[in-house]
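Since the structure comes first, as structure tokens, the remarks are kept for the end.
We just call them A, B and C in the order they show up, numbering each chain from 1.
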Amino acid sequence: MSVQDSVVFALEIIGTVAFAASGALVGIRKSMDIFGVCVLGVITAVGGGAIRDVVMGVIPPNVFRDPVYALLAVAVSCLVFAAMCFRRRLSDERLGRLYETAMLLMDAVGLGIFTVVGVNAGIQQGYGGNAFLLIFTGTVTGVGGGLLRDVMAGVPPYIFVRHIYACASIAGAVLCTALGRVTGMTAAMFAGAAVVVLIRCLAARYRWNLPRIRVEESGADRG
Amino acid sequence: MSVQDSVVFALEIIGTVAFAASGALVGIRKSMDIFGVCVLGVITAVGGGAIRDVVMGVIPPNVFRDPVYALLAVAVSCLVFAAMCFRRRLSDERLGRLYETAMLLMDAVGLGIFTVVGVNAGIQQGYGGNAFLLIFTGTVTGVGGGLLRDVMAGVPPYIFVRHIYACASIAGAVLCTALGRVTGMTAAMFAGAAVVVLIRCLAARYRWNLPRIRVEESGADRG
Amino acid sequence: MSVQDSVVFALEIIGTVAFAASGALVGIRKSMDIFGVCVLGVITAVGGGAIRDVVMGVIPPNVFRDPVYALLAVAVSCLVFAAMCFRRRLSDERLGRLYETAMLLMDAVGLGIFTVVGVNAGIQQGYGGNAFLLIFTGTVTGVGGGLLRDVMAGVPPYIFVRHIYACASIAGAVLCTALGRVTGMTAAMFAGAAVVVLIRCLAARYRWNLPRIRVEESGADRG
């Protein structure tokens, strides 16, 4: 295993842990049982990569050939479940804030890492010359798991309601794609992931908002 | 580019514009920010074709190899967003009716065009002899984008609640498949798309309904 | 057609009928029209197998090459619709209990049969040596259709809210995979499917629950 392979694998592991934890947190929030929590953790952790692999023609997707990612996601989901059991002793308000912070961090780290892992996977598959496809594979890997998580749990998807969510992923994918040609992928991946996490967290902290139109609920009903 | 290729490309462009606009309208309706609106516009415009391509083994799907469709969908979404900003000056009720009409037209045109484009794509891939598969590729291309749009935005999918929605698409796909063997694909595509738009709009205008069973909410809860 | 092929085909037919009926019941419950009911019946019946086939590289998926499954699902959906029209004469409470029981049975039978059909399909595709992948193809075939059904109909997915749902499928897939090496697939499939149906029904009857954490709704809002 070359140095770059080791770096990619380490990043995948960290991203899997982060996204599995975010999926488990959403599942617990929706009062799912331990098994539903694990399923949601696994879908969040491997969903983006699986969609990317199918779209790139890597079939069966890597996550199904190598059980380590799914098993890791199950283990993380169980750990989060156990930790949240313990946390019930905290007051409700503190639990709420803790939840929000943990969710933001886990989601930001997963988003950042899977974005650059996706760009790298596109290059490994020989699409290095097609910048549009690389940015697409990066973004779909980054946002795919969280989108599946939210749609399946029946909560409004982060990507549609949150400040600067997909923006952050696309910015990181563009940076990683561009830098990769100059500095090599290892440095480009760290830079890209860092930029995603930074934009995502700053946007949440300072409530950066993109423009939106408030439409009155009445008068535009879908009958 | 032959005449038929030009016709197909022109239809794809019109269908992309129409479906991207419908996605953007739903996003605005759900108070998404400009970025969420663009994401939903792109998913609606390219979703049906991407599912069809994966199912037919065209991997990566065409929409990811050729950025023109995704970029066009982003441009259309931004335009719709700008136009709706301007329209806020209208009274709420007029906005509501405007929204309903625009949504119906854009969705009908996208449904019609993508249905016949899907049939044609199936023939291009060598499935011309399997009428069942052609009707399927046509229908999935037609209804796929709108279904993804509605599920992701958390609104009841048109295909399940609307008058004669999937019916219209299937009728167009059948007509296009049957006519294609007689008149050639160019005429068959125009006829098929026109039939879809016609059925869809007439059904909405005259509130054609298929039978449904009203079940009382009480007593059949899913605990 | 060998004896085993006949058994697999018969199981597929029964599973298709059961899952199509469960999809039709959910559609009727959500007051969909006859066409929406059929679409949901078809998606439920063929969805899990289609996802499995795409992930295994069987493209186009079998269900699109052979129209018998989709046509059977349409026929079953229409029959269920007709039967439920008739049942309106029953009192609401009896209808509710009838609905719950029919839904449980259809879903359990579909879950059990498609789980073992999925394991068998994985072996047919030459993944017999990878137990992890076999259990995955079994489980995704079993739970996939029902998950799509629930997400598209906008109801909380069984897999996340119900007692021991995915558990039952995984247990059956593991048993089927393990037994298959000893007794041959025919016996292993019957045993695996029976175990799934048994666990699923017992869990519903005796309200077996896996642990879950009740989080207060206040204080942890997703703004």
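Definition applied: a contact is a pair of C-beta atoms (placed from the backbone, for glycine too) under 8 Å apart; a residue touches a chain by one contact, two chains touch by 3 or more.
Everything quoted here is computed from the prediction, not taken from an experiment.
K.L.:
For the identical-sequence pair subunit A and subunit B, what's the CA-based rotation angle in degrees, nearest 5?
P.N.:
Fitting subunit A to subunit B on C-alpha positions yields an angle of 120 degrees.
K.L.:
I want to confirm something about subunit B and subunit C. Since they are copies of the same sequence, is their interface symmetric in residue numbering (over half shared, so same) or not (under half, so different)?
P.N.:
Different: when the shared numbers are divided by all numbers used, the fraction is under half.
K.L.:
What is the distance, in whole Å, between the centres of subunit B and subunit C, each centre taken as the mean of its C-alpha atoms?
P.N.:
Chain centroid spacing, subunit B to subunit C, equals 28 Å.
K.L.:
Mind pulling the subunit A residues that touch 2 or more other chains?
P.N.:
Subunit A, residues with two or more chain partners: 54, 59, 151, 154, 156, 161.
K.L.:
Inside the complex, what are the residues of subunit A that reach subunit B?
P.N.:
It is residues 54-57, 59, 127, 130, 132-133, 136, 147, 151, 154, 156-157, 159-161, 163-167, 209-216, 218-222 of subunit A that touch subunit B.
K.L.:
With touch defined as at the start, can you tell me which subunit B residues reach subunit A in the complex?
P.N.:
Touching subunit A: residues 27-37, 39-40, 50, 54, 59-61, 64-65, 67, 70, 81, 84-85, 88, 92-93, 95-97, 99-100, 151-156, 161 of subunit B.
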